[in-house]
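Structure first, then comments.
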Amino acid sequence: APTAGKPAADTTGDVPDKPAKAVSLNILDVAGDLQLTQGMIDEFVKQHSDVISKVTYSKAPAPELSGKIKAQQNANRVDIDLVLTGTDGLSAGTQQGLWNELLPKYADRLPGMKDYLPPAQKMQELAGNSGVTVTYYPSGPLLEYLPAKVAKPPANADELLAYAKANKGKVMYARPSNSGPGRTFLMGLPYILGDKDPKDPINGWDKTWAYLKELNQYVDYYPSGTADTMKALANGSSNIIVSTTGWDINPRVLGTVPKEAAITTLKGFHWVTDAHYAVVPKGVSTDKQAAILQLLQFMLTPEQQAKAYDKGYFYPGPAIKGVELSQAPQESQDAIKDFGRAEYDKLIADNPTEVPLDAKSLVAAFDKWDREVGGSKVKSS
Amino acid sequence: MSGFDQLRLEGVGRRFGTADALADLDLTIERGEFIALLGPSGCGKSTALNCLAGLLPLTAGSIWQDDQRIDTLPPEKRGFGMVFQNYALFPHLTVRDNIAFGLRMRRLPKDEVRRRTEAAIEMVRLAEHASKLPGQLSGGQQQRVAIARATVLEPSLVLMDEPLSNLDAKLRLEMRTEIRRLHQSLGLTTVYVTHDQEEALSMADRLVVMRLGRVQQIGTPEEVHTKPATWHVADFMGYRNLLPVSATRVEGDAVTVPLGETTVNGVAQGEMNAGDEVVAAVRPEDVRLGSADVAGLKGRIEVVEYQGRELAVEVALPDGVRLHARTDRKVEPGEQVAITITPGRLLVYPSGDPADRPAAELATAGLAV
Amino acid sequence: MIFFFVNLAGVVGSVLVSSFGRRWFDTWLPSGFTTDWYGDAWREFGLLHVITVTLIASALVVVLSVLIGAPAAYVLARQNFPGKRLVYLTFLLPILMPPITYGIPLATVLYKFGFAGHLSGVVLANLVPSVPFVILTMTPFIEQVDPRIESAARMLGAGTRAIFLKILTPLLVPGLLASAILVLVRTVGMFELTFLTAGPDSQTLVVALYYSMSAAGIRAQQSVDAMAIIYTSMMLVLLVVALRFVNPTQLVARVKEEPE
Amino acid sequence: MSTTTSSGPANSGPANSGPANSGPAGSGPAGSGPAGSGLAGSGQALNWRHRLAERGVDRRLWLLLPATVFVLVLFIYPFLYGLSLSFQPMNGGGVLANYSKFFSDAYQRDTIATTLKIALPAALLNVLAAVPIAFRMRGRFRGKRLMTTLLVVPITLGTVLTAQGLLNFLGPTGWFNRVLMGLHLTEGPVRLTNNYWGVFFSLIITGFPFAFLLVLSYLSGIDPTLERAAATLGASRSQRFRRITLPLLAPGLATTFLLTFVLAFSVFPSAVLVGNPAGSTRVISLAAYQAAYEQYDYSYASAIAMIMGAVELVVVAIVLVWRARLYTGSTGGKG
Amino acid sequence: MSGFDQLRLEGVGRRFGTADALADLDLTIERGEFIALLGPSGCGKSTALNCLAGLLPLTAGSIWQDDQRIDTLPPEKRGFGMVFQNYALFPHLTVRDNIAFGLRMRRLPKDEVRRRTEAAIEMVRLAEHASKLPGQLSGGQQQRVAIARATVLEPSLVLMDEPLSNLDAKLRLEMRTEIRRLHQSLGLTTVYVTHDQEEALSMADRLVVMRLGRVQQIGTPEEVHTKPATWHVADFMGYRNLLPVSATRVEGDAVTVPLGETTVNGVAQGEMNAGDEVVAAVRPEDVRLGSADVAGLKGRIEVVEYQGRELAVEVALPDGVRLHARTDRKVEPGEQVAITITPGRLLVYPSGDPADRPAAELATAGLAV
């Protein structure tokens, strides 16, 4: 029933250490992060039922999120207490001033943040003052292929181009704006090709754009989701696709891609990292904020972070230092033993990491890609 | 719902676009009267009825039920009953449910609904079709359902739009009597639209004869039948022989007009003088055939039609004019016959406008093919 | 037509097979069958609750939009009046305008009055395109009904309410059914407005489905297929139930049956 | 329930309350009846009412109220908000900046043509295909119910299943291409997804049952006697269809076309899922979506959506003008 | 399309569910004939016509056009014209286009289409309504459009289903003549359904009288009118007085039956013996009133109806039986009158089955309310 008469709780004042009485939280996940963190949250509720009595989860795609929160805030009736999001949703909200500033105000309540892995720390800096990094992974860009079909995988950008030329339609990546691996590939290329300014897609990516346009001649089409590229790889209509650590391991666990698929990297590649954040919309009561802060700190402890290994979904996953696979749940350990790759440890250790483009530049890059690479297909076909 | 003493229509009119389908209808209906609206096809009878029922909003005039103005009431508030020209049965309801519909709308007890419905079904002799849908009935059966549906409610005013036109002659006669009987025994007030003069004459207390959306004459059956107000009314009332002629002599209401190389006497139905253009009107039944050797009006039989007891004949007069006549003698086309006109039955009307005259029936226009 | 059916069967069949497939690479059929995908989808989204919400919300939307829309359609079909075109346009706009233009302000309004965040918000928001939709589909149906039948009912003392209930409704069953089904399909499938106004307890199936399909993260193809099958099965059940009770052509056909 | 009916006959509208009161009161004192002076008082109101009657204004218009109020409250305000938003460009620069930005950018402008190129043929095909099939489904025959159900079932598929199914079925290694290749009709797989055709097929699959259902229902409202009458006048089956059924069906077809067109015009998920969203199926709703949810420029998105609505409105207006010239009365089926 | 010499219906039947709407119809129609199907509502007339037109598939029998079997042909291949009982006008076409429809279907030259259409419009007097849609016409106007639409084609066989039932008396008379004239001048063959005996008698060459789906009598108008084959036919042909009695005396075809405490003489219409249960039938027109002082049959006037030239009266005989009679004298209810029956006009029918007898008209069943 409508609750028009509900007295508005305090939303802007000081946040107490502990809520006056146990609160119930609505958590909205737009990044698929619950896959990694729901276990942590449930654990917290179990242990601290005096703080959080109940959690309801809902999931939604990211783009529409800010509209919804905006509508709620305009009406002074925010019912989403915690949002788990990727960089895109985070910065979209920041741009529109949707989020509460948690830092540095409450930094002391989140001591776990001091233990971030260095690249996770960089991701945290990207997040500004509203988001708290909860999970992290180095992402890609990786190339994935079936050894049975590709005897000698390309080792550098030129070889990839040559392979694509020789095997028309057999190299595939998804439309960057619809695909994590696709955008990682896009953002990773400037490093591989040695472009002028890898952070400026409009003016600094001459080589990248030239390369993509040339590659485009040998690409049949760009699916609108990573899953389609995985399927193409699995059913043989494609030989080489772009990927990330998570997209390499998890689909093989799930069985959408044959277990024997292999990965390789292009010479000179940098990891373009990725992370998930927790943010609190403005308009959430101080009581709930208190509970959330406690929850976040709980999530940043090593025991809990180990759950982020999952089944390689966000491999490795933990954002803080010193979390070992052996701490992870058994199921998780088994999956990664079977489908994980020993070479990842070395690749992660040996290659530089870069933060992804900020939201604005990324959108500009997507737009340019759509216009000049993806869109040009119309004219040519 | 309850009865009324008088229903007054004052200047009632209905316009469709630029055409007046009904204009200036003034009529007072007394409680218990049986009024027939009579007139040729398209003269506005159905329009008048719909206005009275409230189904067509008026574009002029007002309607009063005693002191209450009712032309602003919606039809369902007027409490009138109506039988529609094209039945308008509810196609999704059985005969029984069609008839019970109005009773149910009045929220009568189930028992009473059932009882009255069955009685009405009995009355229109549809007991064995009671569970059929209208789509499965013959045209006549449908019309009987429509009659039963309206009268079962015993409304204070019943409007009927040619309710018998699809019935066979026998049933029509019976239903006529039945409707009259209902009218009397239930104390109904009835407005009855028909194009059948015989029906109107035999059923109604008063006739309203219409033409082109306007009233031509209001009167008792006898008045309308024996003294039509205009030659148009005469035309419609079965004065099938309408002759545009010049009056030869006028004396009081005795007029002499020329006919078939001789002259005949008629009764003047208005002001007229010798030499005026007039219209002489007489019914075929008042034009009888004798044998040819009698002096006077003569003609040659052109067409003979069997009509049961009598023969209907068309006779060509020497001057080419055709007369419709009746005879009970066996005659053949081509025969020469003498013609007598029943005295006092030839009516003579002044005819003002030259455009407003009947065409002399010299040769009926056929379909040019 | 055969071609249409075969291909349709192919389309549906491939998803159905896939949703039960363990792994399916370059072969005719998957290499093994399992129902795990359903179990996963079921658990992940708490589908029982979601389906219940969906059913309730869509049923409410259908009923309300017919109740609000049918009388308006009636007037538009029966009557000519000054300003009719303007009214018509007003009813057309919500169908023409993509929810992007009005979704967020609409959600704000609904949140302001305390409707959004509950089922009622979802219902109200979905009514916005549904009511005009009913109006638009119903108008020609009403035009087909002979007005004299209505007149007859009026003369028998039926008021507007009775005419709608006893005369028009049964005669319009095919039309009502058609537009109800279409509204239902649209409502169940309307992601945007639903998402903007749904609360945590009032998520509908389509939100879950959209999520599984387009949200970030890795998701097995088969699990999306499974969700889609669940979605379709639910719609199918609704449709079959609807058709069970009334066949779109049956009523009128019974009235004027063609011989043979 | 109560909202719809209580506002009908219960409240007598303003068109009616005036004369209803003044009528009897005016005639009371005169005694000689309403022809007396009493009538003059209400004469004004009367004329007014009669004139309204001539134009078809009466109390039945109250039935419009619930829907009108509803649309005004829940749609018009948000819509106007969106409209005004579109005139307040995020990056400044004049009231019409968003619109000129759209039209000066060929990449954006072309989305209109792209959308029309998909939506018009799809809607047309749906309607045209539905007519003969619905026509044949009219008579009574065994299995009719099953056939009808089968034809309507795709309506339940939903965009996602359709998209997934098309990708699976028509994809390079899907059953369709397997059959084609198995029959040696083509050498390599035929590309039917991730391009124009993918979107087109998905519109057919989701749109056809919709059109079929509507057309079938409209068709059932036409009196079969009319066709029989035409038959006795020597019209062959096809002539009867063309001269009698089709014209009577046309208003319904126009509505059906409009609805399928509108649905096709806002094709968004399938344009992304089975189309080529960067190129040949970059439809206008995608442009709006990108503006709103990728660039978070709601103002620009509103402007694009308004343009989208305007284009639809043009098509709709053309069809409606055409429809208004058709016969739209009773088709005798229920009389 | 072209004419034929003979059209034969052999054992034609049509069943709806378990009910025979038409059974065992054998009929041979000669080229140029005008046949009227006559019978009470629901007797299967329309069904027969629809079978002939090809609109209803037969469930028994066959139809032959000369040597060609045609009951398997679709309606449009038979080349017959038809006027439907409920008009079935195309609601989306103007009057003009409705009428031109058939001509256009035959792909006649534009000029001819226009000329013939206009002529037909002229014939049915709808010139000023030619551009209206059927929905804007009155019922009678609609029916005229339907007639014009079917006859403009000059088909080899014209089927008409009560085409005149919605016209006013005057127009009905005129259209009758017109249809007859068309029939003759175009050399049409016509099958005409009506429930109006007068219409049937005056128009048709032969009548087919039906009852409950079966033919009762086929004959010329005179045969059917003066010698109805059964008392049912008599009933339908206007023998409104039907009296179930026992024959007192039978001599050749002279029968004496008891009536109102005396006896009257009638003509036997079949085998019968003294003492048999019989049905005596006589038309109201053959029951005339004298003054009460003449000896013989006497009664008391109960109901008087004005009918124009004559009065229709109901007379109660001393034994309670009611007789319908005619008089041209002014009479009042309650008056005692003497009654004469025109000699030779009282027909006496054997009545086999006791269930199959008319109810003595003691008191007409009213609507119980």
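Per-chain residue numbering starts at 1, and chain names A, B, C, D and E are given in the order in which the chains are listed.
Please note the rule applied: contacts are C-beta pairs under 8 Å (C-beta built on N, C-alpha and C of every residue); 3 or more make two chains touch, one makes a residue touch a chain.
Which protein is which chain? UniProt says B, E = ABC transporter ATP-binding protein; C = ABC transporter permease subunit; D = Sugar ABC transporter permease.
Small disclaimer: the values here were computed from a predicted structure and weren't measured.
J.: Any chance you could name the chains that touch chain A and chain C both?
T.: Output, common partners of chain A and chain C: D.
J.: Farthest from chain E in C-alpha centre terms, which chain would that be?
T.: Measuring from the centre of chain E, the most distant chain centre belongs to A.
J.: Could you tell me which two chains share the largest number of C-beta contact pairs?
T.: Of all chain pairs, the one joined by the most C-beta contacts is C-D.
J.: Just to be sure I understand: the centre of a chain is the mean of its C-alpha atoms, right? Then which chain's centre is nearest the mean of all of them?
T.: Ranked by how close its C-alpha centre lies to the overall one, first comes D.
J.: Quick check: how many Å separate the C-alpha centres of chain B and chain D?
T.: 49
J.: Any idea how many Å lie between the Cα centroids of chain B and chain C?
T.: Between these chains, centre-to-centre, one finds 55 Å.
J.: Would you mind pulling out the distance in Å between where the CA atoms of chain A average out and where those of chain D do?
T.: Roughly 41 Å, centre to centre.
J.: When the centre of a chain is set as the mean of its C-alpha atoms, what distance in Å lies between chain C and chain D?
T.: Once rounded, the distance between the two centres reads 14 Å.
J.: Of all the residues in chain E, which ones touch at least 2 other chains?
T.: 55, 86 - these are the residues of chain E that touch more than one other chain.
J.: Indicate the residues of chain D shared as contacts by at least two other chains.
T.: In chain D, the residues touching two or more other chains are 9, 58, 173, 223, 225, 273, 289, 292, 298, 329-332, 334-335.
J.: Please list all residues of chain C that touch 2 or more other chains.
T.: 26, 103-105, 108-109, 146, 148-149, 159, 171, 210, 221, 224, 255-257, 260
J.: With touch defined as at the start, can you tell me which chain D residues reach chain C in the complex?
T.: Residues of chain D touching chain C: 1, 3-5, 8-9, 55-58, 60-61, 63-64, 66-68, 70-72, 74-79, 81-83, 86, 133, 137-140, 144-145, 148-150, 152-162, 164-166, 168-170, 173-176, 178, 205, 208, 210, 213-214, 216-218, 220-225, 251-252, 255, 258-259, 262, 266, 273, 285, 288-289, 292, 298, 301-302, 305-306, 308-309, 312-313, 316, 320, 328-335.
J.: Across the complex, what residues on chain E touch chain D?
T.: 53-55, 74-76, 79-82, 84, 86, 88-93, 101-102, 105-106, 133, 135, 149-150, 153, 159
J.: Along chain A, where are the residues that touch chain D in the complex?
T.: Within the complex, chain A contacts chain D at residues 63-64, 66-67, 92, 95-96, 175, 177-178, 220-225, 228, 231-232, 235-237, 363, 366-367, 369-371, 373-378, 381.
J.: Enumerate the contact residues on chain D facing chain A in the complex.
T.: 107, 167, 171-173, 189, 191, 194-195, 272-273, 275-280, 282, 289-290, 292-296, 298
J.: Provide the residue numbers of chain B that touch chain E in the complex, in ascending order.
T.: Residues 16, 39-42, 46, 85-86, 116, 119-120, 122-123, 136-141, 144, 151, 154, 162, 165-171, 173, 177-178, 181-182, 185-186, 195-198, 201-202, 221-222, 225, 235-236, 238, 240, 285, 305-309, 312, 364-369 of chain B touch chain E in their complex.
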